[in-house]
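Sharing a structure, written as structure tokens. Questions coming.
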Amino acid sequence: MIEMQDVYKQYKNGVHAINGINVTIKSGEFVYVVGPSGAGKSTFIKMMYREEKPTSGAILINGINLTTLKERKVPYLRRSLGVVFQDFKLLPRLTVYENVAYALEVIEESPKNIKRRVLEVLDLVKLKHRARSLPGQLSGGEQQRISIARSIVNSPKVLIADEPTGNLDPDTTWDIMEIFKEINNRGTTIVMATHNREIVNTIRQRVIAIEGGKIVRDEMRGDYGYEA
Amino acid sequence: MIEMQDVYKQYKNGVHAINGINVTIKSGEFVYVVGPSGAGKSTFIKMMYREEKPTSGAILINGINLTTLKERKVPYLRRSLGVVFQDFKLLPRLTVYENVAYALEVIEESPKNIKRRVLEVLDLVKLKHRARSLPGQLSGGEQQRISIARSIVNSPKVLIADEPTGNLDPDTTWDIMEIFKEINNRGTTIVMATHNREIVNTIRQRVIAIEGGKIVRDEMRGDYGYEA
Amino acid sequence: MKLRTIARHLKEGLKNVGRNGWMTFASVSAVTVTLLLLGVFLVVMLNINNFGRNLEEDVEIKVYVDLTATDEQLRELGETIRDIPGVSQLRYSSKDEELKNLINSLGDQGKAWSMFEQENPLYNAYFVKTSDPRKTSKVAERLKTLDFVSEVKYGEAEIKRLFKVVDISRNVGMALVLGLSFTAMFLISNTIKITIFARRREIEIMKLVGATNWFIRWPFVIEGLLLGVFGAVTPIALIYWGYSYAYDTVSPMIDSSFIRLLPTEPFIYKIAGVLILIGALIGMWGSTMSIRKFLKV
Amino acid sequence: MKLRTIARHLKEGLKNVGRNGWMTFASVSAVTVTLLLLGVFLVVMLNINNFGRNLEEDVEIKVYVDLTATDEQLRELGETIRDIPGVSQLRYSSKDEELKNLINSLGDQGKAWSMFEQENPLYNAYFVKTSDPRKTSKVAERLKTLDFVSEVKYGEAEIKRLFKVVDISRNVGMALVLGLSFTAMFLISNTIKITIFARRREIEIMKLVGATNWFIRWPFVIEGLLLGVFGAVTPIALIYWGYSYAYDTVSPMIDSSFIRLLPTEPFIYKIAGVLILIGALIGMWGSTMSIRKFLKV
């Protein structure tokens, strides 16, 4: 369960990115986060895995209070999550295989299990044949899929994805959404920021719309809104 | 005018990204380049501003033969183009303003003109208020818009855009497309790789579909194809 | 930490050395150059130090014996001197030998003096060396109090000057070696710091996917260790080769009593040990310190 | 290149120094430490060199004059000697003065010899110094051929040994300074190289938006120049302060004739010049060389 209470976030340069957010996301939910560019979606998401700390307010994830969580404990929080970053955040010197394996190495998984799991998820995102490439040798969409593969490789309880399909063509996007739906069906909570109206309007789920750092809409089986 | 004759591109790691492309794009045309992830769209585009050299074949842009162009002359080619990179390629240590200004500084524009033009295009992409931020302090979509601003600031004869709306919400996407259409109306050739079916199917233009490094479709007022 | 994780860190540290190609080369060569400098310097300074010690050991006290002393008393005096604490060597020279030495030392001109051979105005003398040259003046004072000792000479002024020169060069040398060591440490850790700074994004990413600080740190520490050790190899080889060569070819050419090079064998191994230790420790320390500030993500 | 572009490059180079914060600090401090080391070393070596020169200048040739020479002939000999090329100083000492010196130098024991004052077995002597101490033996050979010269002495063996010692320390010193200079250059340019390596993506981006190589290069060159100059400031200040202090407090304590420090004034300025020049040139050269390989995009 994810809970935010009265959360505000002001960046060091003075920008108010989040201006009072109260929200509860139950275990097993699938939530879209939508909103215009610069609305605060990524900030909202970054606070969940503690890349950013809120200026005020409280955030709870599965009972862990992120605002009082000790620095030392943060890695253990992150291991229970899977994160797809908007800018991929792949390790440039590691191969695709090693990048995905890294998320399992940190939890000291056995080499045999690592190998099995990594090849499994690479196959899932259709990039097994690129296992030995470096991230710099991949196309934009391929990098994004590696980031997705890494986020699900450790079978996280919560999957947080920041625009996971921005660099993907519609077919691949649907493939990825199939994967997400299946993971969700197995009980994983999914929070996904997206600009993709087609997806939001087709796979109907809870929609949280953020604008100017505030939640302006929160519908259980919502649509994308913002008709052009 | 852009012309490719029998172009092949094999990357150093052995991947055949482009496998025999012949295409002519006339001055003032507006061309979408579509295709699945990893099809070779970015490679196709990178060869136009000579980030990548073809393994064989010839590329001509406005009469300049890129395959025989001297290293020394490459900067002058690039100055006549505007490029929106898929990964933005902003200078991390320069502010938003300085990033956009850089494209004018290299052509030794006068400081007065630089200031006027830069503020003009920042206004156009609605990021004038972020002029003094660093790229790292921007949201994904904001960075993308800076990259767009930089690509049009020197009023290029050819605008090459690699997925310029991947990180933008639909409203902002339409704003950017308005800008592109206007530039195109003033005579600028536009080549734009995109995954956005909505745009391609709404603003009907020439569509070049690439798959496996080959042109599989080239229609004058085409649609996105690939129905999900 | 599981055993396989330790193995993983070792493997990863080793791999990083290869992965960072150019950066590794730059770091290793900075370490190489710095340690080479430090090594050469150490070799030179330890040798100069040794020259100084040899010089000091040349210092002798001359004890002139009263002419009234009988042979028996002369012998007894010799034994008394030998028993004084701090005396390490004793040599006797009769007044006839002394005159011969004087005449010789005056060269051709001295021949004019040879007529005094019948009527020698000189004294019998004992030549004393002390175990620690710094004790010379104390031993000399003691000698003065003995019976039948007519005069004690040891070139007080010269000895003081010599000690001063030796002390100055020794202190300057020590200061330079110390300064150079700190410089070496600073430069090596600085270089490592910059290369790690260039990888701060990677460290951030590692943290974001759930790595603990130690999980990230270990491969870096091992990498630093390897950089330091690799960087120490060339200087050690060069110094070994160069010093052996210098010792074998230069030292026979020097016919001086005090300018002698330290023998190659144990000396070079000590230098090698010092260099490899500095390389390894600074390498590890440098990377540990450097990543610290990037771990706060 | 337009004037405003030159101004832009200057401004940009200066800005970069500020923008790169930590990297600038790391580079400047590497330059600082290296140049400080080099500076201290230069100071020490130049002084040792100077000691050597002073030592050499102490070398004298003794010319003993035949007792048969009249006062007139003695005077003429003096003039002839003065005219020999290479002779720079000439001092006369009569045989009576010589005897006094000898008796004094023998200390208490010498008193026994004072009875010879009536019947002096010594010679009158000229003391000759040469303009270049290395010419001593040549001048000595020439002196031997003159009339009324009975003997020429100049401690051949001692001089050769002295020269050997001076030569060895001078050569070792020169080699160390040279080695250290190269090391300094290498380390400085290496550090700059690494910091630029960390910015290679930026250089790539600049090229991709149409910058020519020189447009990219200039700010880097200026930045390198500034890094070098900034890095030279601290060493110069420290050496200036330290040497002035050493000169004012240490030199009065040293009562030796040949261990004298070089006077502060023109000496320190030369050192400062050398350091700032090395800093600036290597800084510029380092950045120019380093960005070269990243400009091929």
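Each chain gets a letter, A, B, C and D, in the order it is written, and its residues are counted from 1.
Keep this in mind: a contact is a pair of C-beta atoms (placed from the backbone, for glycine too) under 8 Å apart; a residue touches a chain by one contact, two chains touch by 3 or more.
Quick caveat, the model's predicted, so the values are computed rather than measured.
The chains in contact with chain B and with chain D alike: there are none. With steps allowed only between chains in touch, the distance from chain C over to chain D comes to 1.
Compared with chain A, the chain whose C-alpha mean position is the greatest distance off is D.
With centres defined as mean CA coordinates, chain C is found 62 Å away from chain A. Distance between chain centres (mean CA atoms), chain A to chain B: 28 Å. In whole angstrom, the spacing between the mean C-alpha positions of chain B and chain C is 67. Residues of chain A found to touch two or more other chains are absent.
Looking at chain C, no residue sits in touch with two or more other chains.
Taken pairwise by the contact criterion, the protein chains form one closed cycle in which every chain touches exactly two others. Looking at which chains touch one another, you get A-B, A-C, B-D, C-D. Residue ranges of chain A in contact with chain B, taken from their complex: 11, 13, 15, 34-38, 41-42, 86-87, 133, 137-142, 145, 162-163, 166-174, 195, 197-198, 224, 226, 228.
Those residues of chain A that touch chain C in the complex are listed here as 49, 51, 71-72, 74-76, 78-79, 83, 85, 89-93, 102-103, 105-108, 110-111, 150, 154. Residue ranges on chain D touching chain C, taken from their complex, read 22-23, 26-27, 29-30, 33-34, 36-37, 40-41, 44, 64, 107-109, 112-113, 121-123, 151, 153, 161, 164-165, 168, 172, 176, 179-180, 183, 186-187, 190-191, 193-195, 197-198, 254, 256, 259. By the touch criterion stated above, chain D contacts chain B in their complex at residues 1-2, 4-5, 8, 16, 19-20, 202, 205-213, 215, 296-297.
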